[in-house]
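Each of the next two complexes has chain A plus one other chain: chain B in the first, chain C in the second.
Let's turn to the complex of A and B:
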């Protein structure tokens, strides 16, 4: 009886893990395939039967992207320097993406933190409605904003500059960041601030020394959200930017498709390089992310 | 430092929380604001601290009106009900924050922190975060944070309510001792009458935004100004019997009771409420003057005492007797109402109409 139930438990666990493994594999497969393809020489990419683990490991695709060498045309035996290739711009796009992501996140977080503090600590007309409206704003698909925003950018003479993207991303990330920070700030007991006020701190010192450290998990959660949205955006980058120099990664990588030939190895290497920063960030901060969203969920 | 509250009124919107509170807290006394939740006692404390605006009236520290002074400029310290420790700072930093933020040099901060930590016996916890402390330890850190700056006025908002019953008893005597050491005026808010009675020099009993009585614990216990104070202070609570008064006697519970001397202007009151504490009643075997006949309906053992519930005609009364006192449920008994121990209130206003002998 006892051993039978232990056996059943083992079988049940084994089945559970089997299912988990299959699901995980299904979810991860595109990423694994991208990684595998990016490490294959050209000859092996379309080999039949396909290989999951490359027979001949090569870093030539990464090298091409990171150094901008025109490996694509050379491989075709064509004359050198016949034109620009997407690979040439990869590092440029990468830097653009980083600038835009960090810029918009910084602005979003700064504004939403201060706004949330004001909304939770001061009494004024409409303060309880703002968070809900801002959440409503987040629920509107960004395609609705993109053309009005584009027209505004034209007026401001900001089209084709990274500023247009930074401001555009602030527009779509700020509402949710603010709501998140609002929910988080509400969970910080006001007595802590009052204690600091009595202890002798000024409003600014209270905010800087007491509130901000307490709000850190919320700030991290909101930052991750803002970074993911900005880093992964395609729409705004596509609409706001014209020149190849100012593209971000998501739009730029699409250029690998244009032309007569798709270099899958390069494309996959680019995809992997695009994914890595977010993956690292996520792994480093996911503990805070759960805490941040958790606090928001309970109190909000 | 003496604290004077002159005509303090507080409105939240159209709701009046405090109505014309006039109190004087003498220098270096331990004063307790006592009342049920919602009576305005915490609001009053927060107004003294400067955390709440004053609708009308003025607060005076010594000879200085502090109405418009920011909390940090009042040289007060406050212990919050939730302790309100800074969660991301170590105990050491928590204790020293008030000094550091005021620009004290770090050597002096360290010395002051060490000194207070030693007094409170938390010197071994200095490098821990508040999250790693027990409730009692947090309580001590909160106290320490208030003590370290040597404030003129020490404000405490129900600091013991989050502790377990046993710790509360020990902390009561400790708080009292700290108060004596600190030489500051202490204003203490609680809804627990036992805390108020055991710790305070003076108690202000509050109800619905109005101070009902302000006096020493002995005064509010033995000579309650009105029915609210009488019912709020004392455990188990005072018994109340509605009675028809005739001269210095009253008809209640199917018998006649003599009343204590009443004040001269009380002659009009025909219906009165007699109050008597369970401890002041006696169960006696035979009938006599000032004795009512009743039936024991319930007996509750408290330990060294027991509570006997006695039903009279139309009224039920609690009598506290020694645990070994011979009495049985459902038995008929006589209860002696000693006139000297009776409190008499006007039925309508609830005000005491007993003639007060000066103590």
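Let's turn to the complex of A and C:
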């Protein structure tokens, strides 16, 4: 009886593992396939039957992106000159994306952390309405305010600059950073701060030495969300930026589809490189991400 | 006297800390949304700003008489309902699977949540590659395993293009449902299951009589939330199909974008945006109702 039930349990667990592995494989398959394609030479990409694990591993696609290859190649390997190629701008776009992502996240986090501290520690008119007003703002999809913002950037003479994107991303990330930081600040006990204030510490000292360290998990969670939203955005980059030099990765990479050739190896390598920064962030800070989801800070 | 001065300066600090937010919010949230509503009542071509004129409700009359607007509306509805249905079913299933206390579960959890952070552009690119009718791995596998005889034109026939965008959406956002359901599952009292077991309830009965009622609340909130968001999605559709073939995968966001960007009718695009906002508002009221705001401060 006892050994039979242990056996049954082992079989059941094995079945669960099997289901789990199949499901995980199916879900991860698109990403695995992209990685595999990006590591194949041209000849193997179009081979039938397709190979999951490349027979001839090559980094030529990555090399082409990172060194800015100037030519298109056809399937047989014959070079063809067609003027500038998107690959030449890849590193530039990558740097642009990093700049606007970090810039907008920094502003959003600084502004929302200060505001959340003020809202939870001071009393003044309208303070309880602000977070809910923020929440409302974060429900509005970006397609609605992208054109008014664009016209505003025209008036501020910021179109086609990375500043327009930084400000635009502040506008989409600030509402939920505000909401999350407010929810987080509210849960930090106020007693230590009061004790420090009574002992003669100034508000600024209290904020820097007591509040900021205890708000750090919230700040990390909000930063991850802000970075993911800014890094992944396509719409603002598409509308705000005209010149090829100032594009971000998301908009730039879609240019690989222009012209007659679609270089799938190159595109998949670009996809992998675009996903890696967020993947590293995600893996390093996964705990906080789940905490952030819990606080309801999900835009998507 | 000293205390009074302290209070005054303290109040100033509080206002100083909130000031950057108020200024940013006024400039970059309140103003653009107000402007978006105002533009809906104007005829506005960005290339001819001199011709800008107040047109009253003409933009709304235009969209309500435009068959493409209504087609976009119904396509968005179908797209949303099917996406949410599959997300919820898969999300609950996966969460139940991941809830088991097995060795290495943290690893699987991490992997299964991964799609959520992949940029939509990247997913769209990968989708175009694996669903390519001639050289894509999906058609190859389906033909090789004998499921289909002829290649399926995933992105160039209306029904299949719709199916592909739904698959993309489900793939990307199921993790969101998983996270929410998983968090709730972890707080279901184990005694309930023990009691059900003693009463002789099988796995299925335990799911329907114990688990599902416990999940009801979180599921309603997740479904309403995701419905609002999915209905207004832009990038998931535009990047994969551009609303095509033809206009068969247009939703209101794509319609608004095309009116503003391709036809340069910013007023018409804005009017579509206002309609989207009204739909959103109705959705939000439903959300606030089911989330129980107002009844008790959470």
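The rule is short, and it goes like this: the second predicted complex is superposed on the first by the 278 of 300 C-alpha atoms of A that agree within 3 Å, B and C clash if a C-alpha of one lies under 4 Å from a C-alpha of the other, contacts with A are read in each partner's own complex, and residues count from 1 in each chain.
Keep in mind that, in the parts below, a residue touches a chain if its C-beta (ideal position, glycine included) is under 8 Å from a C-beta of that chain, and two chains touch if they have at least 3 such contacts.
Small disclaimer: the values here were computed from a predicted structure and weren't measured.
**Q** First (chain B), second (chain C), both or neither: which does A:54 touch?
**A** neither
**Q** Could you say whether A:277 touches chain B, chain C, both of them, or neither, answering first, second, both or neither?
**A** Neither partner.
**Q** Of the two partner chains, chain B (first) and chain C (second), which one does A:205 touch, if any: first, second, both, or neither?
**A** A:205: touches chain B, not chain C.
**Q** Under the stated touch criterion, name the partner, chain B or chain C, that contacts more residues in chain A.
**A** C
**Q** Between chain B and chain C, whom does A:267 touch in the aligned arrangement: first, second, both, or neither?
**A** Only chain C is touched by A:267; chain B is not.
**Q** Considering only touches as defined above, state whether A:68 meets chain B (first), chain C (second), both or neither.
**A** neither
**Q** So in the superposed three-chain picture, is A:41 touching just chain B, just chain C, both, or none of them (first/second/both/neither)?
**A** neither
**Q** Touching chain C in the complex: which residues of chain A?
**A** 13, 16-17, 19-20, 23-24, 27-28, 30-31, 33-34, 37, 46, 48-50, 107, 110-112, 114-115, 117-119, 121-122, 124, 127, 130, 133-134, 136-137, 139-145, 147-149, 151-152, 167-168, 170-171, 174-175, 178, 203-204, 228, 231-232, 234-235, 239, 249-250, 253-254, 264, 267-268, 270-271, 274-275, 278-279, 281-283, 286, 290, 293-294, 298, 300
**Q** Mind pulling up the chain C residues that touch chain A in the complex?
**A** 10-11, 13-18, 20-21, 24-25, 28-29, 31-33, 35-36, 39, 46, 94, 97, 100, 102, 108, 110-123, 125-127, 129-130, 135, 137, 140, 144, 171, 173, 176, 179-180, 183, 228-229, 232-235, 238-239, 253, 256-257, 260-261, 266, 269-270, 273, 276-277, 280, 284
**Q** If you look only at chain B, which of its residues touch chain A in the complex?
**A** 49-51, 70-72, 76-78, 80-82, 84-88, 97-98, 101-102, 145, 149
**Q** In the complex of these two chains, what residues of chain A are touching chain B?
**A** 189, 191-192, 194-202, 205, 209-210, 213-214, 216
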